[in-house]
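Next, two complexes with subunit A in common: one pairs it with subunit B, the other with subunit C.
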Partner chain A sequence: MQHDLLAIIPELMLIATALVILLIDPLLPPDGRRGLGYLGVFACAMAGLSTWFLRNEEFTAFNDAISLDRYTIYFKALFLVIAVIAMLLSEKHLELHRRLLGDYYSLILLATVGMMVMTESIDIMTFFVGLELMALASYILAGFFRYDELSVEASLKYFLTGAFASTFVLFGLALLYGITGYTNYQQIGETIAAGNVPGSTLVIAIILVIAGFGFKVGAVPFHNWAPDVYQGSPTPVAAFLSVGPKAAGFAVLIKFMTVILGSESGTWVGLIIAIAIVTMLVGATMALVQRDLKRMLAYSSIAHVGYLLLAISASGEEVAAFASASIMFYLAAYALMNLGAFGVLVYLSNNSSFGNRLDDLAGLGKQFPWAAGILTVFMLSLAGIPPTAGFFAKFYLFAAVVDAGLAWLAMVGALFSLVSAFYYLRVIVYMYMRQPEQELERSGERSFDLNLGLGLAAVGVLLLGLYPSPVLDAAQDALLMVLGF
Partner chain B sequence: MTPLQHYLFLAVALFSIGAWGVLARRNIILVIMCIELMLNGINIALIAFSNYSLDGAGRGQVFVFFIFAVAAAEVAIGLAITIALYRLRERMSVDELHEMKG
Partner chain C sequence: MFTYQEQIGFPILTVLIFLPTLGGLLMLLMRGRPRWYKTTAMATTAATFILSLVMLARFDSLSANMQFTEKLTWVERLGISYHLGVDGISVLLILLTTLLSAIVIPASWNYVKERELIFFAMFLFLETGMLGVFCARDLFLFYIFWEVMLIPMYFIIGVWGGPRRIYAAIKFFLFTLAGSLLMLIAIVAIAYIAREGPFSTPVFDMDLLESAVFSSSVQYWAFLAFFIAFAVKVPMWPVHTWLPDAHVEAPMAGSVILAGVLLKVGGYGILRICLPFFPDAAVAYTPYIIILSLIAIIYGAIVSLAQKDLKKLVAYSSVSHMGFVTAGIFAMSVIGIEGAIMVMFSHGLLTGALFLMVGYLYERLHTREIASMGGLAAPFPVMAAFLLFFVLGSLGLPGLSGFVGEFLSLLGVFAYSKVLGAIAATGIILAAAYLLWMFLRVMFLKLRKDEWFELSDFSLREIGTLAPLAALAVWVGVYPNTFLQLIEPPATQLAEKMAPYVAEGSGTLHDIFASLGGF
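For the complex of A and B:
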């Protein structure tokens, strides 16, 4: 009993803080609300500390609803880092749009709890509740600027597609329960491996679950919501949505594909490979033609989902551990560089008349040397150029795919990666080599938080690029302990 | 006793009608209702599975309670966002969602 609560101490801390923020928010004077962000960051730090103390524990809790192990600890730490950076990026932006409210921080914390529950669940019911907690909080976050038409439109699109996709995941899960009689991942997996389940129903269940996850992580052909949602929602929210739910989605996908469907890899590997190739194709080519930077980053994140799916298909082969570890490392690197790239857009729109268009970048190297420099780091990392995190992330990922005997697939991935380098480097070219038609108007709104958030992301990207082994080792450790590779 | 297939047929029928409605309807409230219909189809499937499956724990029925709670929260949020849109545009159609393209 006491053990059970021990497993969810970080979640309890975040939920308590979210509720406290909601309670005291109306009592504060308008300019006192800034402190709420620090309260949220503090809660995340405390939760991080408690996960550190729990790092060597390994047990299941609440009647096998959730499990605490290295794998969940790794992802919990990642989600906390994402939440902290997202909150640091937000404060000034919200204030400038007169939407600095406590609700915002509560929602970020609750979405983070949802991601944690998803990742630690080993039961499809718990997983579903975690998924919805994350999703519902993100629908509201996308529409947080509710007097802005684009933001509301983004929110509604996200809600309608997200709720629709959830029903497909749910139907797939219901079928898995129906044919096996269990809701626990391990038991479902064993029953399927034993082989006395109706094959056609199993295939339908697999297709439904993959389609639903495809929606959630933004894989083609279920990606249509992503560009609109990232463009319309407030930029710090777009930063959070482009990394958090994706990392959580892949954390669960790895578990699903190995624990539940590991014995059926013959059925789904081909499907995942097909989705991965189309996803990379659409992501890379559509990003080429975008003039809006947030849309470009949205399509670029679709391309990144394609690379990650490559590694998922590799995890159906015998080198599953290496493939999954490379996904975990990639997600960490991707989280930092994408948060950073969106963060620079937040910085620029806070400080000037910057409108998120590619043309607005012209001459930025002179006008905002620091922001331009840091954006260069993130773009190089997204393109996968050393010495940044993105390089090692892609390197390990493609190495895992080659090891799985899918060298041709790694070649395809590398090819699309080359295409994508074009639109990342174009950003740098615009900043340093183009003369602006007219300079951006400065409005001089500095913010310590924002600079701190950007600094953290940039240092993280460079650190992971120069010295990746601790994080990679942590990922491999986690898999060794958990999935029994 | 009614065979399991009959329940599943009803469940799949409800799910499909709901899915068709989500894709075909223009009014946002109706789209949200159709999503509820899909969820109810799943609920019927879960209860039927729970009744006919070999495990006596009734997990499927418990699952349905979770889905109820989540569906209620989902509708609350969906309607709130719809109202936010209505205040800005005075319309409630999916066709209003056309500002962003590309």
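For the complex of A and C:
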């Protein structure tokens, strides 16, 4: 019993903090609520510390419902980093919109717990509970500015499509349970590999699960919610939503595709390749025509999902450890650079009359040299230009795809990454090479938290680009140890 | 573990590469003090140049081996290391880089009005990228430096360029990136093919890759991918279209570095990677590449004849001159390769100088249109003398540097095919035509405006930036051995490596397509 609880100490810490925040929030005067964010960050730091102490443990808990291993640890650490940066980005923005409430931090922490549970579960029931915890928290977060029409619209859209997606996943899982009789990943996988399951039902289950995950991570043709949700949500929430649920979705997708459906790769590789190509195509071309930066980043994140799916399809091949490790690294790099890019938008809208339009960027290089400078770093990283994390991630991912014998697919990926370079560059063009029609009005709201969050993301992006070894090794070790390659 | 060859007592290549970055970062602390940061920029580039001379002094020019090598494991799991080393070819191009970088700083002393600090810092970061490319002995590192060159140049064109600068900058960036992405995939592919077993680490080390043997279909594909990346940089016809735009819009110093060094990394890459890694494919593609080079030579020259803009004329002449580089390399003889390298070096000196001249003219007249000039020799006699000197050098007058390389390169092509050699030689005649005609229209004929007499002729600063280039041009032209002996061992080694493949005969177009399809 004690052993079981050991595995979820980080989650328990976050849940306890979330509840404490909810309890003391009404007791605080309005300007006393600032401290709640620090409480959340502190909880994440403690959870991170306990994760660090658990890093060499490897066991399953709660009757094989969850497993603690390097793979889970890697993702838990990533989710905590995401949560910390997201909370740091939020405070000032919420205060300026008069929505600085404790609920916000509780929801972020609960969503993080949901992601952790999703990743560590090795049982489809537990997984689904985690998924819903994350999803419900993020629906509310999307609508957190409830006096803002767009925010409410975002929340509703996210909720409706998300509910559909959950249903698909659930139906797929039910079918898997129906044909195999197990809820444990390993056992389902073994039964399927043994070949005693009806093929057509299995195919339907695979399609449903892929469709459900497609919704969650924002792959084409299940992507339509993403631009509206990212545009409408409060910017720090969009930052969080664009990386957290995606990372969790891919963490589970890797497990699903290898542990449960590894033996059936012939069935799904083609499907995933097709989705990956269409996703890159739609993401890259639609991002070209966006004039709103949050929508542009939404389509850009769809394009990035396309690259990640390339690696998922490569993980159907024999040398899968490599492909999955590249996804893990990519997710870490992507999290930092996307949080950073959204973070700069938060910074600009806090400090000026910035309205998230591309045109508002004109002349920013002069007016806000620091913000423009680090936005440049994030854009170059998103475009995959060295020496940034985005470059190494893309390099490693293409390497995995080439290694799996899919060099032509890597070429397709490279082609779309050329297209995508154009819209990332355009941000830089506007900031440094265009004259503004009228300068932004400054309001000069300084925030230490925000600067710290941006600084962390920027340093992380450069550090991962220049010295990727520690994270790379962690990702590879995690897979070698867990998935038994 | 960091190891380096004990040749000079300290890891000189690392210092050489990162000294400019250090200077650039230092400059960023001097916001608002123009005199300070300009002096820092100049001191840094001068120190880098002196350091490269020190390296040259300790360089063993009789050896074809990599020297001053340094190695540090970087990403162990992927077999990536920070591995540097230089041979004669690199040393020559490094000298060119450090010299031109040291010249463009004083040359653009008063050229830009806005955001000067970042302008000068960009050139220092650019220098790091260029030097890194010439020193890298690990393909991953090579690629990093290759891309690091791209960003400062993109900003230099896009921020401080002419009216259509944004178009030119994006075109430059996307053309180069398209090539580099192809190269990236090829790098990954050969690194994984060259490893020992399916689970061992990939091989990015160029020393190891040089001795690896790839199957012919891998060679055909990988050669093509690398070659396209390098051909964009050279630039070869038909992927040269970014060059005129980039040159016309770039500020003077940007053009000098672009023509002087950035085009050379293309030729350098072909010599360093395409030939030694993929000898079979190189031989098979030779006829087509030589024909493309000839088209570049003739087309570049003819288009130059028709230019109205002085800068565009020099830009297209670069396309023509660089044709001699690719033609010489693919002649695959010692003479051809040496010729190609000498053309690169001399083109860096002379075209760099020509772009400086165009810039200085523009600073005075505020136009680059040839038709609006005329009779400038009267108000600017010193400038006319310099221009005549560089024009003569550029058109291949014996006794100046342009002649040496083009002659050797032509000898190489002649040995390959007399007809093609004859066609290539017409490029030199055309060069004389467009350059002399340009000189005539700019400097002689009737003086258009009398108020030009009120403008000053060259200042000491301007003469100081051109004089070293002129002196080197004479040195190379009169006594090329100083430079030839530097590049002879590596050129010979490369030609010897290629000889058996050339003798074996090349694949036909049919073979190429069969292999490409069979991958």
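In this text, the second predicted complex is superposed on the first by the 485 of 485 C-alpha atoms of A that agree within 3 Å, B and C clash if a C-alpha of one lies under 4 Å from a C-alpha of the other, contacts with A are read in each partner's own complex, and residues count from 1 in each chain.
By our rule, contacts are C-beta pairs under 8 Å (C-beta built on N, C-alpha and C of every residue); 3 or more make two chains touch, one makes a residue touch a chain.
Just so it is clear, the model here is predicted, and its values are computed rather than measured.
Engineer: Under the stated touch criterion, which partner chain does A:Glu57 make contact with: subunit B (first), subunit C (second), both, or neither?
Structural biologist: Neither partner.
Engineer: Look at A:Leu472 in the shared chain and tell me whether it touches subunit B only, subunit C only, both, or neither; answer first, second, both or neither.
Structural biologist: It touches subunit C, and subunit B stays clear.
Engineer: First (subunit B), second (subunit C), both or neither: which does A:Gln290 touch?
Structural biologist: first
Engineer: Looking at the overlay, does A:Ala414 come into contact with subunit B only (first), subunit C only (second), both, or neither?
Structural biologist: second
Engineer: Touch test for A:Pro387: subunit B only (first), subunit C only (second), both, or neither?
Structural biologist: The second partner, subunit C, only.
Engineer: Is A:Asp359 contacted by the first partner subunit B, the second partner subunit C, both or neither?
Structural biologist: In the superposition, A:Asp359 contacts neither subunit B nor subunit C.
Engineer: If I apply the document's touch criterion, which positions on subunit A are contacted by subunit B in one structure and by subunit C in the other?
Structural biologist: Subunit A residues touching both partners: none found.
Engineer: Sort out for me which residues of subunit A touch subunit B in the complex.
Structural biologist: Interface residues on the subunit A side: 124-125, 128-129, 132, 136, 139-140, 143, 146-147, 149-150, 152-157, 159-160, 163-164, 167, 170-171, 174-175, 177-178, 181-183, 227-228, 231-232, 289-290, 292, 295.
Engineer: Touching subunit A in the complex: which residues of subunit B?
Structural biologist: Within the complex, subunit B contacts subunit A at residues 15, 18-19, 22, 28, 31-32, 35, 38-39, 41-42, 45-46, 48-49, 53-55, 59-60, 62-63, 66-67, 70, 73-74, 77-78, 80-82, 84-85, 88-89, 94, 96-97, 99-102.
Engineer: Give every residue of subunit A touching subunit C within the complex, in rising order.
Structural biologist: Going through subunit A, the ones touching subunit C are 318-319, 366, 380, 385-387, 391, 395-396, 398-399, 402-403, 407, 410-411, 414-415, 417-418, 421-422, 425, 428-429, 432-434, 467-469, 472-473, 476.
Engineer: Show me the residue ranges of subunit C that touch subunit A in the complex, using the header's touch definition.
Structural biologist: Answer in residue numbers: 74-78, 115, 140, 143-144, 147-148, 150-151, 154-155, 158-159, 165-166, 169-170, 173-174, 177-178, 181-182, 184-185, 188-189, 191-192, 198-199, 202, 519.
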